[in-house]
């Protein structure tokens, strides 16, 4: 009998996509999808292209916790109590919110609000498999990373581990689905179309998450991070500008550094030319390209992901696969090809 | 009798828009539009929305130089000989190419090719009116700035003059019209749509132009400049990350610095929030917003323009107006409103 | 002293654009802009690109009716009482809603609701200048046409007058600004982007308006009209399929019919090839192309407008100009060039 | 050993997508991809998002015909000789061009050119599985339908079979990928973006194909068919306007007609509301909605497909599956859910 799973908060963009992936997962059985709005509607009425013919139910932990694992896709703050309820009932959880990403509840409090379940922080593992694969395998609670941190950390990790990240500017660009399903002036087509602008200047909430994980890699830096909204639906690009000590590394060594770091990663792809977000649309792949500017000594790293996939839903499934002992890429789709290319 | 003008190279995006503005200019008479391709076609067949019912002619300097001033919209390298021919015949010129932007022909040679008319470099004035208004008034040859330099220099000038630009990263984003009219794989709709990527990494040709003018403002820096292509037609945003000495300036002083620098500028608009390219679409306005990140000490400046307007064609008309003693904003359209706001 | 005008309901897309045009109109003085939401905000905060530095005020007829003419941009139903109040105070009105477009209050009641000011229907003139120019000049109340009727009627009028419209299918396509400023699931970027679908099937409210005016032209038909939403902001195209009696007219005669009908119209442009909405973006121009399909005997007419301009705001200014004895094209911008082409 | 297949003409949009589907097909082995341009390049350099790490080779029938089946994705006219060469060598073929769609070579000659392999027309089967499933199973040469005919015929087939199609207008809208990979003025981003227009007026080459197949269904009509280009990459919508004898059928009967026709079809989905092309993006599904307009007696049917998938590549794989005795949906992805809904 396959493990049974549920998605709590399936009416939003990331929860609905998670439900789509789990509904067609060859080794899992999707038992329930719940929502805070739209209860009683069919998920494939809300999202015809996901083709998940299940009804959105109101959350009832006593009934819905009868699963082996769950993905929680609630907003920040609202997630913690639900996660706590699931953990009390022994359910393994991947949480898509920010509630368990920051290890220090004081930092969480400074950037978000008072933490609702600080007692669970100790067991939470940061769900970036490329950094914490073994810990995720053993985890009962995984905090799925934010979309910007996912792209930024994968782009910077090899440099950070090598001790080269002393100062970094991350100029990030995201499609509109990252702003969520709520219709607002900011997500109105006429606002976004033929437009382009920065937002969240200068203190976006993904900053402490990126800094925490860079520090864990050995780079204790205060980063500059500015996101921009671009007129496309799914896709995210980070352009990372790293100031290196002069002659710290040449271009060839840079490529080796990245080639070795990601040689066996099924969902990281290296590219000689700057990646486009179209290259990774509807995949769990992060495509990375690293360049050295000899005039300034700076290293520039680009990382492209699909913010709804590797930035949220498909990475949640990748984490679930690891937690449940399944093949890491099952039910997620295509894997990277750059490694195969190298072998040719 | 109004001054007579001509546009040489009117089949491309910037030349055609220049022709549209000059055709309806209240104090100028557009006598001819020439082109290297599409000779014999009506300009309003090629560009119905410009509504310029003139025929594209093959260039014949003996005939077409019978004007008071001309705008040359040829590609880099091809412009210099045409400009030289016009200057020999006493015609005042605004040149849209890069051929007369760099004062040092050796620098030009390094980034482009051997210069075809180095003897004219001495009389060329860099056509950014906000920096060189008086020089442009007296000039016979004006080198219209590149689109990226226009936005970058207007965004950085107040900081550079104050001695605050010791290191800068410019992350630039442009719509597709900046790539020109030639249909290529890069400009194919299917390539650009739902996509987003960097290009020209790490040595884009606008770098020496920006560095030359920053140096003239007192900031002798080696910049990092990376442009990105975004899925929209007209619009350009530069996000400038300036590393300051700690406590060099606080947020209030920053706003004063910019407020004073641009108080009387008809085409510079200051904004408290990050500008969108839609705010300046089809205008000659550069909209600027400056922010200080107290966590890192960095200053972040955003500058938004329409790459075809302030980045090329309408700035050329602004320069023509200055050269011919006309009101600076004539025939260009709307002017900035932020100054008026301040007065309220 | 120039005539004084006001815009009531300036927070929406069409009201705001009307305010922009009137604020810069060379012969009118814009005295006030009112709104039902966003009272107290500056109009150029809401719409930076319109650059109208006026504050949105709450409507106070006693104060705001002290103008010579007004444009009312309220939703259907809400407009009638405001219009009535203005007319009582002797103010000339252009109304952008549907409230005074249908001559028969019973028809209005069937498609909308009970009419709030049926007593004013007698004095209302349908504001399509190409059909009712003289009546508009003498009118005190003008009902500005809907966007779809504007394009459809201009596309079909010559055929209808000639007695050729016995049956017609109008397949219409509109950009998203036609759906208004309210953020809803339907106007969310992620809903519209890369999408395309019909809506209002099969009974869109513009049907009785088109049928009323076709009947006035001599074509008493029951039309099929289906609008579609396309992923662009401004622009509307109608594709009209007219079944003719066989050999009623050949292609040459068709072109003559249209050429004569629109020879002197400043804002109608004829084109040999199917028009694109980009050709008329941000203009008051309707661009029309007529084709005969010899295989089926059908005539196909395309009409392209900017739904916010000729479909609403700039047509309102065109009507105001006529009512106030000003040049018809003043303050509206570019006029059609096809007539000039014919003369060459 | 799985059947071996090849794609001839894999550098274009449809050929490349076919290669992607076949490369990951669980029961087929993709042996070769050939191209007329870009020989020697890796397919995943040209199309990173397809992730097919195979080299494009120059066609050599003696070598490449050593397969069980092939998909030919050459332009019209160029396909016939290649298909003939493959058939001589006993290879089963799905041809994506128009060369074998029209049964009468005289009709082909009138709309295209002289036929290059008329002797093969007798064995060619029209590859719309929903109409010719059994014939395709037995076929050695399948002519894959055009994208517009696919959507139009699926939308109209139930009505045509019932004898209700006496007159029809098809207003079609397609994304830009339908225009192919060649960069031209028509496919330039700046031409298409924020634009919308008809093309191929009034004699598009898909007309005879639609008429031939409607006749085969019992509807011997002369259709009006007008395609439009819309600013999106993949997706196609047909809006079909069918004039019925009055009271021929009521709305309930219409739904029954369609429900019965498509009850067991894995790739046809019925919808109560007009379908959006986003609902079927990157699927082999045609989503259909049928409506009766009681005012006019007309029936309006909408059909939405992805022009590159059901309109070309995935339908080719569907046909290959049938020809090779494999499950019809293998390697194609998601199937329709409307039938399952009915069962709930």
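For reference, chains read A, B, C and D in written order, and residue numbers begin at 1 within each chain.
Assume a residue touches a chain if its C-beta (ideal position, glycine included) is under 8 Å from a C-beta of that chain, and two chains touch if they have at least 3 such contacts.
Quantities reported herein were computed from a predicted structural model and do not represent experimental measurements.
For the pair subunit C and subunit D, chains touching both partners: A, B. With every chain reduced to the mean of its CA atoms, the largest distance from subunit D is reached by B.
Annotation: 37 Å between the Cα-based centres of subunit A and subunit D.
The distance from the centre of subunit A to the centre of subunit C, with each centre set as the mean of the Cα atoms, comes to 47 Å. Contacts with at least two other chains are made by residues 193-194, 231-233, 275-276, 278, 281 of subunit B. Across the interface of their complex, subunit B is touched by residues 24, 42, 44, 48-49, 51, 53, 193-194, 271, 275-276, 278-283, 287, 334, 336-337, 340-341, 344 of subunit C. Taken together, the subunit D residues at the contact with subunit B in this complex read 13, 176-177, 181, 183-185, 187-194, 231-233. Against subunit D, in their complex, subunit C makes its touches with residues 167, 169, 171, 173, 175, 193-199, 201-203, 207, 222-224, 226, 228, 230-235, 237, 239, 241, 243, 274-278, 281, 291-293, 295-296, 298, 300, 302, 304.
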